[in-house]
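Each of the next two complexes has chain A plus one more chain, namely chain B in the first and chain C in the second.
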Partner chain A sequence: MEIRKQKTEKGVLVSVSGRLDAVTSPDFDKEMEGCIAGGETVLVVDLQGLEYISSAGLRSILAVTKKLKARNGKIVLASLQSMVKEVFEISGFSKILPIFSSKEEALSQL
Partner chain B sequence: MEALKKPARMEHLEEMLAFVSTRAREKGMGEKRILEVELALEESLVNIIHYAYPEKDGTVEIRCVPSGEGKLRIEIRDQGIPFDIFSMSAPDLNAAVEERAVGGLGIYLIRQLTRAAEYRREGRTNVLSLLF
Partner chain C sequence: MKSRRGIAFRIAAPVLASVTVIFLFIFGYNYFDARRIVVREVEESARNLAAATVNRMDVVLGKVEKVPRNLAVFLEASPPEDERALLKILRAVVEGNGDIYGAAVAFEPGLFGPGPSGYAPYFYKSRDTIRYADLADESYRYVSQDWYQIPRELECPVWTEPYFDEGAGNIVMSTFSVPFYLTVKGKRTFAGIVTADISLRWLQEIVASIRIEDTGYGFLISKNGTFVTHPLPRLVMNETIFTIAEARNDRTLRRIGRDMIHGKSGFVPFQSLLTGKSCWMVFAPLASSGWSLGVLFPRDELMADVAALNRSVLVLGIIGALLLFAVIVFLSRSITRPLRMLAGATAEISGGNLDNPLPPVASRDEVGDLARSFESMRLSLKRYIADLTETTAAKERIESELKIAHDIQMGILHKVFPPYPDRPEIDIYAVLDPAKEVGGDLFDFFFLDDDHLCFHVGDVSGKGVPASLFMAITKTLIKTKATRGLDAHKVLERVNEDLSVDNTSFLFVTLFLGILDVRTGRLQYSNGGHNRPYVLRASGALETLAGTDGIALGAVEDLSYESKTVVLERGDVLFLYTDGVTEAMNPAKELYTEARLETELAARKGHPLKEIVLALLERIRDFAGGEPQADDITMLTIQYNGAPESPRS
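Moving on to the complex of A and B:
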């Protein structure tokens, strides 16, 4: 898994690629905690390069969502690919999180 | 039958998933389906790694059992405490973010991504049989 962060006018764009699973999710958690500790309240998570997610990854995304909500913040997701999109649909996560087809669209909705 | 036996520890997870995805690829499964197979495997293995051996170290064995054309049957065997993962209740998929719990979600995903998923106890062994 690789995570890149980029500050924008509307929030932090977080690009996650590779696999978000039981092995890599602790690193993702640390990166997200770092963002929140740094005062960020709006995250756009671009999953264009993410090929695989498991329930450990879903748990991490849920945890950061809850933390941001508690700070009146917001998380939006963009560019879910084939398997990742399916897992979000099966698990019901696509109903509880705002998902956009591209990071440009996600940024324009903020 | 091909098999792989490893200590039930997170550091061996990726190797175990790779073992199964190689077999799935040999069966001619598409890349998306292979990722689904890996997901069902990961959920099963992580469960064993976390809960099967609370007081000692143990192993987990993956067996690829002969099955029909284009199908893949995987048996996951451990000698940990008896635990039928399918006795767990399903998560509430309609709960809001604040109430949403992730417990049970892995097992729900296993059920959704397999043709059949069964648990049985053979003597001192837990056997999880997944058909893809």
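Moving on to the complex of A and C:
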């Protein structure tokens, strides 16, 4: 898994690629903790390069969502690939998280 | 194989080798220099000895020479009146000179005396008396003798070659002949020869008295090279130095002989005729007679002192080297003693015994540093091993606890199939295979009343202990919340309510819950974010149950769920699973996928449930190959057999 962070006017653009599973989710958690601790409240997570997400990965996303919510922040997801998209749909998370087809669209909707 | 050599040896060997080389060099220099000095001194003393001896002999010979010289002068100055006067003088000469054996005055024939054949009166000593003889004898013919002819021709005094005189008692004699002249008719004319005979015994005694060390000796040769004296009697008067040189084909000896008879002196290497030993020889001429004295100095005997000195030096050197060796060995052993102690102690450490402290090394050198390093290494190792032991114990404890947790988790799941042998309406078979000791998958089934079977399959996010605890909570909650008459979605809503309140771990569970009316086959179900189950129809068709748009439980509070209904026909099989099945991975990181699952399921229409589940499990494992199982695998199958024909009793 690889995480790249980029600050934009509207929030931090986080690009996640590779696999987000039980092995890599602690790293993801730590990165997101860092963002939130740094005072960021708006995260745009670009999952263009994410090949696989397990339930542990979903839990990490859920955790960020809840933490941001407690701070009146927001998380939006963008560019979900087929498998990842399916996982979000099956688990119902696509209904509780804002999901956009591209990061540009996500940023414009903020 | 190279033999093991200690440090002591490695220090001692080169030092000793160097010392030995230096010592041998000094020894060699000393030896050759001592020899050189000895040779120089030998030559000097040899020359002195030869000169002194020659001088001694020349003094005697000179004294003897004076007698005929004086007599010749006297005869020339006042020729004798008659024979009587001459004889008187001659007799007085022999009587008055102890060194002289005999003396003669031999006149040129016809010049003086009774007869024409010559006159040669001769007095000689025989025992204690003086005897007279006239040498003018037909048989003797004195004028042709060497002692007469040579001085006459040379016109100067001459010592004759030594000769052996039998008449005089077998002694070696030599004669000094002096010519004298008279004036006849105003002309100086050769008148005759005055002679004096001397015994050479005294000369032999002088030479014989020369003793150099044990075998050194002197010898005397005449002008012809004849041995006058020599320790080998057979040489005396029989051999010359040249005949010996000839016999031995010794050119050096011949050259030496030539130098000797030519009146030269020298100091040369020489081989003893007596012993064959290597010698030095000094030779010097007798000024009077032209004879030559040779003295031999045996080389080895003169060098004996040097050799003895060398032996002493050698012995001292060897003793010194041994002492040095002992000192080096002692020193290096004292240096390496702590090393050897360390080696022993570290061997113990390498054997695993870390409790024995290393022997204390007081030295403040490198060995001391090494010992201290070893000691701190031992302590570190000991600490490390203690830590490791503790960690291992903790790990073992955790593992044992996990094992127990596994047993507990498996214990709360159904294990006995078929679970309801008295309910012919349904067959059930399920399997849960956790990826770790404990997992987050769950399944359960139970009758809410006589006709309604409640069942569910769930998957808690993540794995391991947290997931297993969450799984246990979920399972218990469902068992409590699912009550008779409650719709499926209501059960989910209530469970979600409890799970999501204060869910600080953010864990959630996807859950499919169904309630089957076994009399009618009507199935009411609600799906909270779980994989959609399949229905394998008795006809062979494979259907996916429509979703109910539910969200995983525990994620968000106050959620509403929906229920849907489907009717199962006789022989239909409901197949529920978790994503451990479809997301099983092979070494190429490919997923098993729904597509494969569907193919396998469709191919197993009409098979017994257990067979279907176990075959699928095997297929999934085959697919994974050696890749470790990433997620818990759960499969729950329920076959609806329809209501019994006759009412139950």
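To be clear about the criterion, the second predicted complex is superposed on the first by the 110 of 110 C-alpha atoms of A that agree within 3 Å, B and C clash if a C-alpha of one lies under 4 Å from a C-alpha of the other, contacts with A are read in each partner's own complex, and residues count from 1 in each chain.
Here is the rule we go by: a contact is a pair of C-beta atoms (placed from the backbone, for glycine too) under 8 Å apart; a residue touches a chain by one contact, two chains touch by 3 or more.
Values in this document were obtained by computation on a predicted structure and should not be read as measured data.
Asks: Check chain A with both chain B and chain C modelled on it and let me know: fit or clash.
Replies: When both complexes are placed onto chain A, chain B and chain C end up clashing with one another.
Asks: Hey, is it chain B or chain C that touches more of chain A?
Replies: Answer, by number of touched residues of chain A: B.
Asks: Can A:22 be said to touch chain B (first), chain C (second), both, or neither?
Replies: both
Asks: Is A:92 touching the first partner chain B, the second partner chain C, both, or neither of them?
Replies: The answer is both, since A:92 touches chain B and chain C.
Asks: Looking at the overlay, what does A:82 touch: chain B (first), chain C (second), both, or neither?
Replies: In the superposed model, A:82 contacts chain B only, not chain C.
Asks: Tell me the contact category for A:7 with respect to chain B and chain C: first, second, both or neither.
Replies: Neither partner.
Asks: With chain B in view, single out which of the stretches 163-171, 271-279, 505-513 or 541-549 of chain C clashes with it after superposition.
Replies: Only 505-513 shows clashing C-alpha atoms.
Asks: Once the complexes are superposed, what residues of chain A are shared between the chain B interface and the chain C interface?
Replies: 21-22, 52, 54-56, 58-59, 62, 66, 83, 87, 90-92, 95-96
Asks: In their complex, what parts of chain B are in touch with chain A?
Replies: Residues 10, 13-14, 32, 35-36, 38-39, 42-43, 46, 93-98, 100, 102, 105-106, 108-109, 112-113 of chain B touch chain A in their complex.
Asks: Would you mind writing out the residues of chain A in touch with chain B in their complex?
Replies: Chain A reaches chain B through residues 21-23, 51-56, 58-59, 62, 65-66, 69, 82-83, 86-87, 90-92, 95-97.
Asks: Enumerate the contact residues on chain C facing chain A in the complex.
Replies: Contacts found on chain C: 440, 459-463, 506-508, 510, 528-532, 549-552, 555-556, 579, 583, 591, 630-631.
Asks: With touch defined as at the start, can you tell me which chain A residues reach chain C in the complex?
Replies: 21-22, 25, 52, 54-56, 58-59, 62-63, 66, 83, 87, 90-93, 95-96
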